[in-house]
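Below, chain A partners chain B and then partners chain C, in two separate complexes.
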Partner chain A sequence: METSSVGNTNTGSIHVLAAADLSALLEAIVAEGYRLVGPRIRNGTAVLDEISGAAQLPRGYRDSQRPGEYRISANGSGETNAGRYFDYVVGPTSVKRFLYPPRRKVLEAERSGGQWKITEPADDYPPTAIVGLRSCDLAAVRILDRVLLNDIYPDPVYAARRKATLMIGVDCAHPSETCFCTSMGGGPSVESGYDLNLTELGDGATHRFLIAAGSDRGEKLMASLRLSTATSDDLAAGAAQRKSAEAALAQNPPMQDAREVLANAWNSTRWDSIAQRCMACANCTMSCPTCFCVDIEDETDLTGEHADRWQTWDSCFTMGHSYVHGGAVRKETTSRYRQWMTHKLSSWHDQFEMSGCTGCGRCITWCPVGIDIREELAAIRTDQKTDVPEAAQ
Partner chain B sequence: MSARKKAQSNKKPKLAVFKFASCDGCQLSLLDCEDELLDVAGAVDIAYFPEATRAVMKGPWDLTLVEGSITTPHDAERIHQIRRQSKMLVTIGACATAGGIQALRNFGNVNAYVSAVYAHPEYIETLRTSTPIADHVKVDFELNGCPINKYQLLEVINATVNGRRPNINPNSVCAECKLRGTSCIMVSQGIPCMGPVTHAGCNAICPFYNRGCFGCYGPKEATNTAAVATRFRELGLNNEDVMRQFRMFTAAAREFEDESVAAEKFEAESLI
Partner chain C sequence: MTEVNPSAVRSAVRSATLPIGLPAMLPTPMRIKRRMRDTPDTFTIVLDVPQPPFVLEAGQFNMLYAFGVGEVPISISGVSKNGGELVHTIRDVGTVTHALSLLRKDGVVGVRGPYGRGWPLEAARGKDVILAAGGIGLAPLRPAIRHVLDHREEYGRVVILYGARTPQDMLYLPEIQKWRGRLDTKMSVTVDRASRKWLGNVGVITQLVAASRVDPDETIAMVCGPEIMMHYMQIHLAKLGLPNDQIYVSMERNMKCAIGRCGHCQYGGDFICKDGPVFTFDEIADRFRVRAL
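Then we have the complex of A and B:
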C-alpha cells in the first residue's frame, strides 16, 4: 500500500469516464485491496457504509434538508435524474466515523504479581476507499489533520487510518438548504485532498463523469481505466453545473466575520434564547465531522486483575465534559451552546489557525429542534449592533 | 471497610437484592447475566436474593440492590430497615428510581382504582402515590431503565467491588444512536422520539428498530422537556399526545411529570 499524499492539490489532467464504467472504477479499487465504503440508503437516509459495488449506490435519489428535517427519495424531485448516482448531498454519517471511530479500546492492562502489564491493542482498520466524499468532507479531513496530526500529541491511530484511506471525491450538483460551504471558504466542487475526484454530468445517453487524480494512488487507478480526454463541451458542462450549485448556495448569509462577532459575544442575550430551544442532546456535535472531543473510560473485570481503557466520542453538551473536581464548569445549556459555537467558529482560529466549521450543515439538519447556526450568528451580530457597548466587567 | 478492601482481604462483599412494588424484571436482569453469573457469584457473597436462592445471610450488606417503588405503608417502613443494614444502596429500574408505571396512580384517584379492581377493597392498604426509593431514604446510586440494562448492572456491581465509580453515562439516548450509527428517525421520518430528553443506557434500541424512544430510562441530565414538547407539536401531536409521551414508565420522574402536567393544563385552557 502506498502512502497517501495528504492534502495534495494537484488536479492532474481531466478525463471522461463513461457512466457504465463507474463499476469498473470501483472494481479496480477493490482489486487494489481496499474495502469499499460509500453512500447507501438505510432507514430513509443516505449513510456512509460498506458497499459491494455501484449497484448499492442511491441511484436516482434526491434529498431535501431543512433545519431539523431530512428526506430522501428516488425521483422525488420530479426531475429526470433516474440514472444519476450522486444527486443528494451529505447524510448523517461523516468521514469522522471512519478515521476517528466512535468507540475504540486504547489499552489493556493485566495485573500479575502486583505488576501491571499494559498493552495497546492493534487497530483493525483495513485499507478503505471512501467513495462519494464531498468538498466539505475533505475540508473536515483537513481540519481533523490539523487537530489530530499536530507535532505535540499526534494520534497514531488516526494517522494510520488516514494513510490507509483512499478518498474518492464527488462534486455537489444540488446543495441542500442547510449547506453553507461557500460561507466557510469551501465550495460545492472538490478542490483538494482527494485521490480521485468525480464530476457527474448528464443522464441517460449523456451520462458521464469527469475524473481527475489528486495523488499517485489516484493516477495509478486512472491508468487502469478506459477513459477519453475531456472535450471543451465536457468542461463547459462541468462549469455550468458548478455555477448552478454555487448559485443555490448564494442565498446563505455572510459568515466571514464569525470569528470577531463571537469573540465579543460572551454576554449576548441570544444565548438564553438558544438555551430555551436547545436540548443539549449532543446531536450537533456527534454529527459534526470535525468535533473531536472524546471521553476516556477505564473498565475493570470483577476480579480487578484486568482493565481496559476506552475512548468514546464525547460532546461539550454533556455535564461530564466540563467536570472538574467539585462539579461541572458549564452547568447551564446557555454556556454549553456558547462554548460549542464560539469554539467552532471563533476560538478554533486561535487554537488551530483555521475555522472548525466546513459548512456541511449537519448540525442544522440533524438538530432535532432545528437550531440553525447561520441564523444564530446573524441574531448575535444584530444583538451586538443594537446593544449599548458595555464596559468590561 | 470499603468494598474494595473487603475484596482484598479475601472476605467477599455481601450482596443483597430486595424487591418493592415492581415486576421483578430488573432483578431478573442479574440472573440473565448467564455468561457472567458465575463470576459475580465468585466475586460477591449472595446474602439475600429470594429470586435466586432460599439461603439467607443476615445484614449488614456491602451492596444492596433495591428494585421497585414504595406503594404501601408497610414498604415505607421496610425500606428504612434495609437502609440501616446497607453500606451501599443502589436502586435499579424505573420503579425504584422514578416510581414506575404504577406511578400513573399519582395522576388519578387511587381509591377509585381500588374500588374498580378489587372485590373487597377494604382488604387493600395502599398509599395514594407510588414513589421512588430516594424519596424515602438516602440512595448511593440510581441505575435507570425499564428494565435496566444487564451490562450496566454488571458495571455497577463490578465498580462497587473494585472501589471505583461506575461508568454510567447520563447523556441522551441521541448520543447512543450516533455512536451506533442509527440515523435520527425524528429528523428523517418525523417520528416523535423521546431520545433527546431521555437518559442513555439502553443503547438506543427503539430508534434502531424505527420506533421513537419511549423514555424508559427517565430524564437525562439537565433535560429540556419543553423544547422537545414544542417539536412534538410541530410534528402534529396534540396536547393529549404530548402528555402521553411523558406519562409512560417514568411518569413520576420530576421533569417528565412537569411536562405531562403542563400539557394537560394547556389542553384544559384550550377548552375554556
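Then we have the complex of A and C:
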C-alpha cells in the first residue's frame, strides 16, 4: 500500500532540538503546507485540536487519570515542570477523529423524474500534521490501517487522509494509572509509525528534545532545523525517562492471554456483573482510538428529491447496532459489553490478526462508572479457572 | 487504493467480478421491470440491469437503496440467464423495505453488490444435496436450487425441503410445483397450519429430514431460514449422519456497509457480510447457540 512508505520505523540518527526551537519545527511544518493539530486544554481536558504554533501548546500540565476520573492542571503535582510541553498523556480525543471523522457526508443524491444522480462529495481534509501523538495513538493508526486499508475493500477516503497526515510522536514520561500500553505490547516510548518523534528532556535551562525521523518527510523537516548531535548524556537521560515510565506501567496485570480467555467466555457469569454497573453510554467506544463501527444514514430535504448520506461513528452499546428485522439481537447490556470487550481483545485477532486494543486506557478513564477492562479480564480469567468443566460434573 | 488486496482475504469472496459501486459504495439506479406480490407481506421485484451481465454467486446479496430512506441487505433470489434481470424477494418489515414495497413498475431502486460468500455449489458437485428453506429463506436458496436443477446431472440425489407458515405464505408457487413434478428430485413441503383443504404435511420442517434417502458421507446440506429453524435442522441432519462441515447455513445480522467496515454484522470473529452470509455449521458451531451474540 502507498502508506507503507510513510511513517514507518526508520531508525535515523537521534539529534537534539533546543526547547526554544520547537516553534521553529512547527513553523517548518506549516511552511510545508500542513495544518497544525496538537493538544490544547479545553473543558478541563487535553484535546487534539488546531493550533497556530508552539505558543499555543499547553505547558507545565500534569494529568491524573483513574477509572472514571480525569484531572489535568498546571503544576498540579507540585513538581517543577513549568516549561514542559508533554508531561500529561492522552485525553478523550484521539487521532481517529482526524483520520476517520465522527461524521462525514459520503454521498449526495438528486432525483428528478426517474433519473438519479449520485455523487461522492469531495473530502475537505487539508494536509495535517498532528503533534504530540503517543505510542498508543500510533498503535491505533496501525490497527486502523489494517481495518480500513489492508482489507478486501479499502476505504479510499481514509487512505487519502492517512497519506495527507504527518505524525509527530512524543514519548510518554508520565503514564497515568489507566495506561496499560506495555500490556498490549507497545509503549511507553514511540517505536514506529512516526514521521518525527520527540523525547522531551529536562526543564528550564536543560529543557530540550531528542528528535528522530521515521520517514523521508521527517528527514526533510529535520534537515531544515538547527540541531546538535545527541551526546551520551542526552541519550542516557532519554533512557532513564523511559525506564521510569516503564516502571510506572509495571504494575499492570498481564493481558497476553486475553484472546484465549475471551474466546471461551461467551457464557461467563461476569458479563451479568459488568452489566449491573455498565450504563451502555458508549463512552468507551467513542473515546477508543480503534473502534471503527459507523452508522450510515440518509437525510432528505423537504422535497424528498435531494438526499445526503452520512457516515457517523456508531457504538455496539446502542440498541440499534444489532437491529435486524423484528428487533435488536443484543437487547441486554450484558450482551453488548460482551460484544465490545470480546471484539476488542479477542475476535479482533480472528478478523485482523492483531488485538484491537492499544492499552491507551481511555475506556477506563472515560467510563462514568469506572469499569476497568484490565480488572474485568482478570475476573473472567479467574472465573474460568475456578469453573468446574461441565463434563466433570 | 481501490484494488483488492487478496492476501488480506480470509474467506475469499469467490466472485469473478468486483461488486458494483465500489470503492465509494455508490448505488447504481436500476428500473423495476416487473413487480409481483408473493404473500400479504412479501413481494418480488425484477430489476433491469443497465450494464449486463450481473455476475453473482448463488447465496450472495445486494444492498438495495430506497431513495432518501436508506439501504438494506437483500439476498439475490434470481438472475436471468443473460444476467440482464435481477430478482429480489423482499418482506415488508422495516422502514426501508416498506419504502421499497411502495415502488411499482418503472420505479427505481439503487443497487450495489453482489456481496458475500454464497452456497457451496462447487463443493456439492457429485454429491447428494439437501436444500432446506424455512419461510422467506427460500429466496436466498432459490438460485442454488435452480443451479442444481439446471445442472442436474452434476449432482447425486437432490432433496428439497420447504416449510412455510401456511399454504398462502408459500413463495414461488408455480416454480415449486414444477420442482415437485420432477422425477429426479424429491421435494417435500410442510406448513405450520392449514385449512382442511390442504392435503400436504403439517408440522415443522425437521420432520421431513429423516425421509431424505441420501448418503450422509457424501451429502451437502444447504439450510436457510430463521435461526431457530437452522438450529433444529442441524440437530436432525446430524441424526441423519451429516457432520457439521457438510451443513451450510446462511446467517443474518444488521448490515450498513456490506464491505466489512461498518462493524454491525459481526458474529464473533466473522463479518456476516464478507465472511458469510453462508457458513459451514462447523465454522460457527462455537457460537451458534450463544444467546444474543
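Throughout what follows, the second predicted complex is superposed on the first by the 383 of 393 C-alpha atoms of A that agree within 3 Å, B and C clash if a C-alpha of one lies under 4 Å from a C-alpha of the other, contacts with A are read in each partner's own complex, and residues count from 1 in each chain.
Simple rule for what comes next: contacts are C-beta pairs under 8 Å (C-beta built on N, C-alpha and C of every residue); 3 or more make two chains touch, one makes a residue touch a chain.
All values reported here derive from a predicted model rather than from experimental measurement.
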| item | value |
| --- | --- |
| Chain A as common anchor, with chain B and chain C clashing or fitting | fit |
| Partner chain(s) touched by A:G327 [first = chain B, second = chain C, both, neither] | neither |
| Degrees between the directions from chain A toward chain B and toward chain C, using C-alpha centres, nearest 10 | 70 |
| Which superposed partner A:A280 touches (first chain B, second chain C, both, neither) | first |
| Partner chain in contact with A:W366 - chain B first, chain C second, else both or neither | first |
| Contacts of A:G304 with chain B and chain C, given as first, second, both or neither | both |
| Superposition-derived minimum Cα distance between chain C and chain B (Å) | 5 |
| Chain B and chain C contact sites that coincide on chain A, given as residue numbers | 297-300, 304, 331-332 |
| Parts of chain A lying in touch with chain B, wherever the complex brings them together | 42-45, 47, 49, 68-72, 91-93, 97, 102-103, 275-283, 286-287, 297-304, 312-313, 315, 318-320, 331-333, 365-370 |
| Contact footprint of chain A on chain C as seen in their complex | 1-2, 4-5, 8-10, 13, 22-27, 29, 31, 67-71, 91, 93-94, 97, 106, 108, 110, 252-254, 256-257, 259-264, 266, 268-271, 274, 287, 290-293 |
| Contact set on chain A toward chain C in their complex | 1-2, 106-107, 109, 111, 114-116, 118, 120, 147-156, 159-160, 266-267, 291-300, 304, 307, 314, 316, 321-326, 329-332, 334-335, 339, 342-343, 346-347, 349-351 |
| Of all residues in chain B, those that touch chain A in their complex | 4, 7, 36, 39-40, 42-43, 155, 157-159, 161-162, 164, 167, 169-172, 174-175, 178-190, 193, 195-197, 210, 220-224, 226-228, 230-231 |
